[in-house]
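Below is one structure, written out as structure tokens; comments come after it.
Chains here go by letter, A, B and C, matching the order in which they are written, and residues are numbered from 1 within each.
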């Protein structure tokens, strides 16, 4: 077999499949086809972005985090405060939210990369709880339990106003989701991304090949934090509101559930899961509005008993030509 | 005076009440084909673990090319050229051999941190991987997920990954362990074909491999060095025979020949 | 200040009893059970229902809470938990969160979402005061009762662990389940009994804690973090580890809320993060567990 052949085979997983292009085309059609659901599309796009950010942390780096909302909520508050006190331009605010998420990720990553699964779980939860308490106590800044109100966002690119119809919002969020997806897709297939997969498979071997485990985990975690911050910023900007809810445990649990439904470790899981989660939420809430938690709990229990791998396996086929 | 590439000085390792490594002073010369043998539990793997930094010695020093590496982190020793294989395969189960080797070579070329271009876009790296696949007879399995490879092929991959790093000193921990008879020859051939400038330390129970391959043998018993010498000297040694005739070890044709001649 | 210290100790002892079952489950079955708080909640509600609806005396409700929760624990262990032991931690986490969600929603539906209150018996009301002025030690009788019960439990458990055959089987199984099974120790039964016992303890703690901690359907989520902190910091391979961790936590929380009310709640979290940074394996773990 010639060298060029081997190279083609190595590069194969990174090529866009037809179904991926088709899916994105379908996604892009929706805001035009059903503009009356623009608000819902916006919500799903934001949740998808959040879920994809968790995928980097959980699906690729293998870090079990129950406090990912820490970055989401912080990004939301950062963007809201920025719009309120500095300037209302949404794109700059988005960058601010992303940077805040990244900074938080970088500062907390030393705690995450050491220790066992349990301590990681604790620390991730702990960070989110600390931030929640801080936001609660410093309510003169954050608006406390009432939330940060009166956030006015300027027009996007100076042209598109954010109105109640949410059309601008849905395109905005969808575009950010798409661009981030493109970048992350490249990262995931790069040597760095594949080394994350290798890290998940066998840490000992990775360090025996001379590659640093902690450095990689820190970068992946920070990247996930940054994207989560962006998602939070989008929420604050498109709803004009930021609250403690963005940091709450329920957020962390919901996004994890969405990702698990869609399947962690293949990027599309975040998108698929976000759509499925929202649909489930709306359907179940229509029947029993207060007891959504019960049915979601039951779903989780059954899903875990049956085996998460059932959702995993078909996905990894597309990635690397082999079943998990 | 021959060039010493890896040296331990009075290495000791204690686990609570157990002394796993007793005062081991070992010198590996450049280009060596040095075998480390001894009965099970003699502390061979523990010694390797200390050499690579997975375990910290209780006392003593380790020097690589004259440089003291006793306190150096494992992945930094790899960067200095000290590489090992594992007795039990440590592979990336969901990656293919092509991918695993590409990662290893990329890391050696300091390209493992690249995040924009996909794995496999560097033609130079791919060419090296191609060579390794041929050298280790993995071309036909290059794109199968490691988990699905037959055991013998996985063992070859284990060694290939180490060689991909172009090591200066290569520590092979029982490369032929558990390999079915049909696939053993591949292992023996690839070990024999390792580059001459690489210093190889081989731990093995398979005496065929040891006596074919090694130019120098150290015998380890209960964590201490019993004796050291050329294969002929070791084969003739009464001490070594006493150690081995006590345990059931297949393939000790030299020991049994001695027994015949009395 | 002595009073504060005493309150902290009482709180800590309560946390200890509540968290011990979780620590043992994690150490023994290597299972992260985030539904543990729900067992505590169940115990609390058993107490409330028995006392308010059926007029049982307080002291009788405590063992009832223990037994009922232990039975629930045993049933769940046999049916739902056992298949989950070998699954990865993430799955266990999600599974137990799911169970918690179900428990919380069910209790919300049946009992309503407001806080419930319990009428503590006459002989446990009021305080005992020793000393005066700065060195005043005021011990609420109820809290004193909690301390006594919990210390008794701790001593009793230590005795069981080191003195009985079950104790040594348990310790063997914690050390290495496969070897233990190979020695003929009925590991499955040990797991079942231990899990049931741990859940019962949680229920007992929940019942004891109704007056001190409050009880409503959000109890599991409010307090789960504390239980996890005790386990993470105290380690899961002994009784003394969680005990010390719980005491430190209780005292820190009480002192924090008193002296720095603005930041009170989260002193505990910061403390935990600091400890885990310093010793990622927890303060008392013998070895690192994956």
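Following the convention adopted for this analysis, a residue touches a chain if its C-beta (ideal position, glycine included) is under 8 Å from a C-beta of that chain, and two chains touch if they have at least 3 such contacts.
Computed from a predicted model, the values in this text were never measured in an experiment.
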Inset, instruction - Identify the chains adjacent to both chain B and chain C in the sense defined at the top. - result: A
Legend entry - Most centrally placed chain, judged by C-alpha centres: A
Inset, instruction - Would you mind checking which chain's C-alpha centre is most distant from the centre of chain C? - result: B
Legend entry - Distance from chain C to chain B - Cα centre to Cα centre, in angstrom: 49
Legend entry - Distance from chain C to chain A - Cα centre to Cα centre, in angstrom: 34
Inset, instruction - Please report how many Å separate the Cα centroid of chain A from that of chain B, as a whole number. - result: 43
Inset, instruction - Show which residues of chain A lie in contact with chain C when the two form their complex. - result: 58, 64, 66, 110-111, 114-119, 121-123, 125-127, 129-130, 133-134, 137, 249, 253, 256-257, 260, 290-291, 293-294, 296-301, 303-305, 307-308
Inset, instruction - Show which residues of chain A lie in contact with chain B when the two form their complex. - result: 1, 3, 6-7, 9-11, 13-14, 186-187, 189-195, 197-198, 200-202, 204-205, 207-212, 316, 320-324
Inset, instruction - Using the touch definition up top, name the residues of chain C that touch chain A in the complex. - result: 26, 32, 80, 83-84, 87, 89-95, 97-106, 108-109, 221, 225, 228-229, 231-232, 262-263, 265-266, 269-270, 272-273, 276-277, 280-282, 288-290
Inset, instruction - Provide the residue numbers of chain B that touch chain A in the complex, in ascending order. - result: 52, 74-76, 78-79, 83-84, 86, 90-96, 98-100, 102-104, 106-108, 111-121, 123, 126-127, 129-130, 133, 139, 142-145, 147-148, 161, 165
